[in-house]
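Everything on this sheet refers to the single structure shown next.
Naming follows writing order (A, B and C), and every chain is counted from residue 1.
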Amino acid sequence: MIERWALVSGLKGDLDTYELIQKDLKKTPGNITLFVLGDMIGPEKNCNRLLHRLINPKSNDLQPWCIYGWWEEQILLESGYRGDQRAEALRINKGEEVVKSLTNAVDKSFLDWIAALQFGFVELDCGLIHGSSKDVGENLTLDTPPLTLLDRLTRLQVNRLFTARSKQQFHLELTEGIVNSEVEDLNGNRKKEQKVPQKAVIGIGAGKNYTLYDVGTDNTQFVQAGYKTEKRIKGFGRL
Amino acid sequence: MNQAVISCLHANLPAVEAVLKDIELQGITNITCLGDLVGYGPQPNEVIELIRDKEIPTCQGCWDEDVVDGLDACDCSYPSQLAEKRGHFAHQWTTDKLTTENKDYLANLPYSIRKDKCLFVHGSPNSQHEYLLPDMDAFAALERVENARAEILFCGHTHQPYIRELADGSIAVKIKNAVPKDTQEKEIQLPMRRIVNAGSVGEPRHGGTKATYVVYNDVTNEVKIREVEYDIELTCKAIIDAGLPPIFAWRLKNGFEFAEQAEDASHVCER
Amino acid sequence: MSQVCLISGSPGCGKTNWILNTFKNYSGNCGYLRLGGYSEINLEQAINSKIDFAFLKDQIPNLLDLSISNSISEKDKENILIIIEFPQFFTPKSQGINGVDLRIINELEKYNLQPNRYLHFGRDPELSIKDTLDFREIESISLDLQKHIWDPASLNTFWFELVNGAYGDVYRAKALMNLPDGRYILFNWIVSQQGSQYQTLNQVAPLNGRPERCSEIVIQGKNLNFESIKATIHNCLLNDAVLDHHQTSLRNSQLQTARR
C-alpha cells in the first residue's frame, strides 16, 4: 500500500479549505496521514469552528496531526503562556489592531490545546515543523543558503525537513556535500573528511496550496485544495 | 601583528595576572576578551577592574549575562542536581559580591565584537550558551562562521582551546520540484573558514591546571595556543578565605571544572 | 549439625564477598550476624552498619538475621551454617578459637552463639590476603540514609570526589543507596583496589514514595571532612517535589511501554 503524507499549513481559520482538503484526501489512493503544520489560526477570521473540527474530527475525517506555528506562538505569547513575554514583535510590526483581532479570533477554551501542541514531529527520518528547527518564525526558502538549510536539518538529525513558514512549495535536494576539518588542540592534530548524505528541504505551501509526499519514492506533489473535485469541462462547451 | 584572545576568566585573579604578564612578555598589546569575567571564582571585582583598567575590549559571557539578569544559567545545562546547587550558590555569592559599578560594566558589554574579518563571541553567534565543540558537525560549524559573515570566529565557553579549519568544501543543490515549475542543479563551493577557541584562563577543562589563551597573527593568519602556569594555591586559598565551597578549590587544583557541564553540549538555552 | 564460623579482618579485605560465596555454596539454612568490632587507639571502627546484611539478604533471600533474637526456630538450627563477621585491624595472637578477642566471645553469649571455627583474613590460608592494608590511623564516618534517594548524576560526582580525596584520605568507603527508579545500589571502594565496585541489588522499590529499606554510607580514612561530606550528600538527595516528578515520569513511561 502506498504510504503518503498530506502536509497542510496556513489554514488560518478557513474551515471551507480544510473540508475541501479532507474531500481530496478521501479520493487520494494510498494510506494517507494528514499533518497540519501550524498557522491553523490567524487574525483575519474567526478560527473557532476550524479548531473545533481539528480537535473533534468527524467520523469520516482523516485524523489531523497538528503542531504549532507562528500565529499560534503569537497568541500563546499574548495570552501569558510564555511567562512575562508578550507578542511585542507582532504589535510593533502589524499594530495593536492585529493583536486584538487575533485574540478575538480564538476562544480562550482552545488555548490549552494550542499550548499543548508540539514544536514539530520527527517521522521516519523526516522533520515536520512550521518554520525551522532554529525558530518557529524562520523562513526557509529556495534562496536560503545551503549551509543554513544543512544546519537546520542537522539540528533535528533528520535527512528531510518539511517547512511551511515561507508558504513556498519546493523540493530542494542537497547532495554530495563534503568538507575537510582539521583540528589542532593541546593533544595534537586531527583531520577528518565529513560527507553529507542526500538531504532535502521541502516547502509545503500554505492555505489552499498543500503537498502530498510519497514516503516510498520520496516524490512530492504540489496540489491545490479541491483539485480532486474540480468539475471537468467536457467537449467544447462551457460549464 | 600579533593579538591575544583570552576567555572565561571566572574571577581567578592569579590566573588572569599570569596570562596578562605572559602576553606582555611577548610584546602584544592588542587583547580581546570573550567574556565570563566572573563565575565560581573568588575575585570577581578584582578581575573586572583589571580588565577595565587595561581597557581590554570584552564581550559578554553567559555568566556575565546571568549575573546581570539576576538569573541562574539555564537549569537544563547542569547535568546534575549537585552541579546545579553549586552553580546557584556561586551565582548568588557573585551577585552579592559585585559592586554596582562592576555590574553595570557587565551589563553594557556587547554581545559580540567584530574586527575586520574576525568575529569575537563568547559561545557562538547564536547564543552565549551554545557550545562550539571541536568535533561538532563540520557543516554546522561552517554555518556558524559563514552566517556571522566572518572568516575567523573566536569563541570561548567550552574551556577547551582548539583551532579548527574547515576547508575544501562543496555541495550540490538540486531543485527537484517547485511551484512555479522549476528544476535546477548547481554545485556550490564552500569557503574556507576557521573557528578558534581560546580555552579558559580561570577554569581550565582540558585536563590540566594551566591557564590557556590564543595568539593570532593577522598578517600570517597563524594561531597558537598558549598555556600559562600560575600560582594555583593562591586562588585556592582565596576560595577558602572568601567562604566559597572548599570543593571548588579541590576541583580547580585537580584540573576539574567547578561544576560539570552538560553532556549534551549542543544544548542551546531556549530562555 | 550446625556450624558456627567466626571471621574477622580489616576494613575492605573481602569478608562479605567471602561470606556470600560460602553461603551460596551451602545447601542448608544460613544465618548471619555482624558485630561492630572494637576501636583501638587511633583506629576507629565504623558503626555496626546494616549494609552487609542488607546486601547478603538481597542475594540470599532465605538468609536468617541473627541480630534479631528468636529468629531461629529449632527446625532452622538443624544443619545451619552460621557466619559471624566482625572487623578487626590486628592479626590474632593465637590460632583458631583461642585467638578470638574475649570481648567478642562475651558479646556472642548474648546471642547464645558459640563459634566452632575462627578465621582471620591475612592469617588463615582459606581467606585471601589480597586486600589487607597496614592501618596505623583511621577515622570513621557514617550516615544513615534511610528513605533518602539520590540524584544519580550527583551520586557519580560525589563518589568520584570522595574516592579521589576531595574530603580527606579515604581508605574504604561503602554505601547502599536508593535511586529514583527504584534501584538499590551497593558502592564499594578500597584504596588498594583499582576502581570502585558497583552492584545493583535484586530489590526494586515501587515508584511511589520513599523506600523503608536500609540505606547507609560508611567511610573510613584520615583527615575526613565530615561537614563537607554531609553538606555535599545533602545537595545530592532529592526532595519530595523532585522525587515525585521523577517517579511520575517513570510511571508514565512504564505505562506507555506496557500499552505497546
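By our rule, contacts are C-beta pairs under 8 Å (C-beta built on N, C-alpha and C of every residue); 3 or more make two chains touch, one makes a residue touch a chain.
Keep in mind that this is a model prediction, so the values were computed, not measured.
Comparing the CA-atom centres of all chains against that of chain A, the greatest distance is found for C.
A comparison of C-alpha centroids places B closest to the centre of the full protein.
Separating the CA-averaged centres of chain A and chain C is a span of 58 Å. Rounded to whole angstrom units, the spacing between the C-alpha centres of chain B and chain C is 45. Separating the CA-averaged centres of chain A and chain B is a span of 36 Å. For chain B in complex with chain C, the touching residues are 79-83, 85-86, 245-247, 250-251, 254, 260.
Chain B contributes residues 126, 134-135, 137-143, 146-147, 160-179, 182, 187-188, 190, 206, 208, 212, 225, 227 to its touches with chain A in the complex. Across the complex, chain B is touched by residues 151, 153-154, 156-158, 161, 164-166, 225, 228, 231-232, 235-236, 238, 242 of chain C. By the touch criterion stated above, chain A contacts chain B in their complex at residues 134, 142, 145-148, 150-151, 154-155, 168-186, 192, 194, 196, 200, 205, 209, 219-220, 222.
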